[in-house]
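In the two complexes below, chain A is the common chain; its partner is chain B in one and chain C in the other.
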Partner chain A sequence: MDQAKTTRTVVVTNRAGLHLRAALQIFQLVREFSVEIELVVDRQRAKATDMLQIVALGASQGTEVTLEAAGPEADAALDALASLFAAGFHEEDS
Partner chain B sequence: MKFMDFISPQAIRADLTAGDKPGVVREMVQALLDAGAIDPGDMESIVKAIMNREELGSTGIGRGVAVPHAKHASVDRLVGTVAVSREGVDFDSLDGEKVYVLFLLVSPLDRPGDHLRALENIARQLRDDRFCRFLKQAKTAEEIRQLLEEADANQFGG
Partner chain C sequence: MKKLQGIAVSPGVAIGEALVLDMEGFRIPRRFVARDTVEYELERLEQAIESACAEIARNRDAVTGELGDKYGAIFEAHLQILQGSQLRDELEELIRERHYSPEYAVSRVMRRYAEVFQKVQNRNVGDLADIEKRLLRQLLGRRREELAELTSPVLVLAHNLTPSETANLDRKFVRGFVTEVGGPGSHTAIVAAALEIPAVVGTGPFMTEVSGGDLVIIDGDKGWVILHPDEETIARYRHEAEQLRSMAARLGELRDLPAVTADGVRIELMGNIEFPYEVDHCVERGADGIGLYRTEFLYLGTDREPDEEDHFQAYSRVVRTMAGKPVTIRTFDLGADKVPNLPSPEDERNPALGQRSIRLSLRNVPMFRKQLRAVLRASALGNVRVMFPLVSTLLELRQAKMILADVMEDLEERQIPFRRDVPVGIMVEVPAVVMMIEHFVEEVDFLSIGTNDLIQYTLAVDRSNKDMVWLYNASDPAVLKLIDKTVQAAKRRSLPVNLCGQMSGNPLYTMLLLGLGLRQLSVPPSAIPEIKRLCRSVTMRDCESVARHALTLENARDVTSYLRRELNKQRSEFTA
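For the complex of A and B:
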């Protein structure tokens, strides 16, 4: 991503962490926006559109995730993504 | 978490014969049963739980790999197996590609951390193209087991 990045820090709130269904929701949400987003945990990076990379972060409940976005809809996408994290990916047992 | 912490070596299959999603899931759960990792009375209910989970969104995560899984009250620790399909199986993957390597996981009801660490390990190892390619090309269960052990010993990039 060469363009200017907008960043946001969120926390994994759901009990199960960033497992496959959460990764799928991130993927589905991000592809609705004209944006490129990466999730960063410590020094590990994952493209928001690559479920394998997201799951490889191994982010459990309570983990801080930095979202880095670039693109015309960066702010809107980050708002939506931050809401999704805050809602615990709408999981019943979160 | 390493592969050998949750993969039952006796349940590894290099030659899945089923040609569709329900078929390969059943074949892999049968392999867990044959390996003594699950009880015969729980087989149908485990297959159903895994298929119900697939309804929520395919576990075909790209790169020709799927991770069908479910929680089930009958297991008291995470159990799993890995299998290769020579022909490939349509798994409704996000990238639309067939699946050739499958990791099937059955988790206890209340152990989300173990499931996440197993997924993390699978995903990290699969980022290595050689590991992915070698798995797809494995001809025998023994070859697959050796690949997993090499991955556990950090022989790949993961």
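For the complex of A and C:
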């Protein structure tokens, strides 16, 4: 990503971690914005649009995830993503 | 080239294309593709992904419509994984750079992710397995179904073959079997011998070294499997296979000639069979009957006990095909562990000496009656003889005959046709029976000497124990004396006496057995031509002198080398 990046750090709050359903929600949300986002855990990166990569991050409950966004709607997208993480991906058991 | 050593369980040589089945019975295709087909393979992958996506989208819409978004979401996730660039890039790289077949690439990549998923989250990886299966189904498509409808000859290589797998293979095109595990008594061994195709079992792991379509050689005589053979090896085996074929063709000419010695003594040469279709092999070779029809296959590879109709269907096929020639049906000859619904015996430390065979039939009368009813019904269709295995005492024989009489009465009441005078005989395979043979001949219509068990019980040696197998020897003088005593007792009563078991199919023993007075031999169908040729080339006078001398020898080694000398003499005269 060449443009200036906006970053934000969030924490995985739901018990199950970043599994397939969570990854799907991230993907669906990011798709609505004009933005490119990567998730970074330690040094491993995952495109927000590739669920296989997201799940392969292996982020469990309590893990810190850095979100790097670039694009006209970067801030709005990050706000929305941060709420999604905070809401524990709307899992009943989180 | 790589040579694997296994256990030879069915003789012959086969050269051909490998059909490899994985642990789940899935066909493993070629692992690598040629450089110039890479673009074609990528196109195939692309199409498979597209079709899989369309299929998933349909599932998603159906489930969403029925149950709501929340349930459709998982299909949406599958769809996005398949459409994501990560998966495609990885697959493409493996196919383009490493020349993996798309199938192989898919299973490698998906299994790697499954490992990662499992490690990091300890979560169920069913989603990935599901996607993998979907893609493979698209890629293999028709090719997987073709397992049952092969169109060209193949050699089947697998970790192990279950009865249902062998049942689903198209017998016409299977030319050989190799399994990583298994021994001489394994299902693969039995089926291969019945199909008369070469087989090697117990080779140890090889699945990672062979792909579908590779050229493989099976040497069922030496127990070798040769992967990626070189030109010289292929040429040598082609030559050998050609020689075997022409020899079989020459022996085939004997089909319509009787087994009669050079001095005019008629020998009845019969076949041992396990599966009903083997009766065709017997007819093709002009067998004089079925000397041993093992009925155990009805109990194996099924999760329910066979019913009377299962028995009857199998028997009637054999009896009708033999068209009036004798068919000797041996009743159930297995241990309790092989029969669905029977309680496993608690105290079976020594199965060969335990609850099996006739002993089990006598303790499970309903099961036994079912089989006897079917045998009797089949007796109305031809020349059926019923034979009880592993009898040890007269009481057992009488009990079995009483149950048979009881079943007869029952059939009579219901006016179901059968032959009341169906001949009843026993297998002579326990030394106690030979010691009491004068009594037994008073109560049976025929005898059949089962040498495989007789040797085992006489020498007290487990024939499947590879450390003790040296002691297991048909040439042992004690075994010969038991055979001699049995034949003499039968002769005095003019009872037919047959000899089945591996000994009868081995040309080494033919002169000896004829000389001991046997006039019936029952052999594997494939051995009929060779034994017949031998019978036709010897005189009874020579055979009797061989038997007389053999009975004077005091150990197995001397007997074997004497018989070998006599056989070579015969053969050189025959070819001279």
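Note that the second predicted complex is superposed on the first by the 94 of 94 C-alpha atoms of A that agree within 3 Å, B and C clash if a C-alpha of one lies under 4 Å from a C-alpha of the other, contacts with A are read in each partner's own complex, and residues count from 1 in each chain.
Simple rule for what comes next: a contact is a pair of C-beta atoms (placed from the backbone, for glycine too) under 8 Å apart; a residue touches a chain by one contact, two chains touch by 3 or more.
Predicted model only: the values in this text are computed from it and were never measured.
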item: Touching partner for A:Ser60 - first (chain B), second (chain C), both, neither; value: both
item: Touching partner for A:Thr7 - first (chain B), second (chain C), both, neither; value: neither
item: Touching partner for A:Ser34 - first (chain B), second (chain C), both, neither; value: neither
item: Partner chain in contact with A:Arg15 - chain B first, chain C second, else both or neither; value: first
item: Partner chain in contact with A:Leu24 - chain B first, chain C second, else both or neither; value: both
item: Partner chain in contact with A:Leu52 - chain B first, chain C second, else both or neither; value: both
item: Contact residues of chain A, present in both the chain B and the chain C interface; value: 16-17, 19-21, 23-24, 27, 50-53, 55-58, 60
item: Chain A contact footprint on chain B (complex, rising order); value: 56-57, 59, 61-63, 65, 67, 69, 94, 112-113, 115-117, 119-120, 122-124, 126-127
item: Contact footprint of chain B on chain A as seen in their complex; value: 15-21, 23-24, 27, 50-53, 55-58, 60
item: Interface residues, chain C side, partner chain A - complex; value: 73-74, 76-77, 80-81, 84-87, 113, 116-117, 119-121, 123, 127
item: For the chain A and chain C complex, residues of the former touching the latter; value: 16-17, 19-21, 23-24, 27-28, 47, 49-53, 55-58, 60
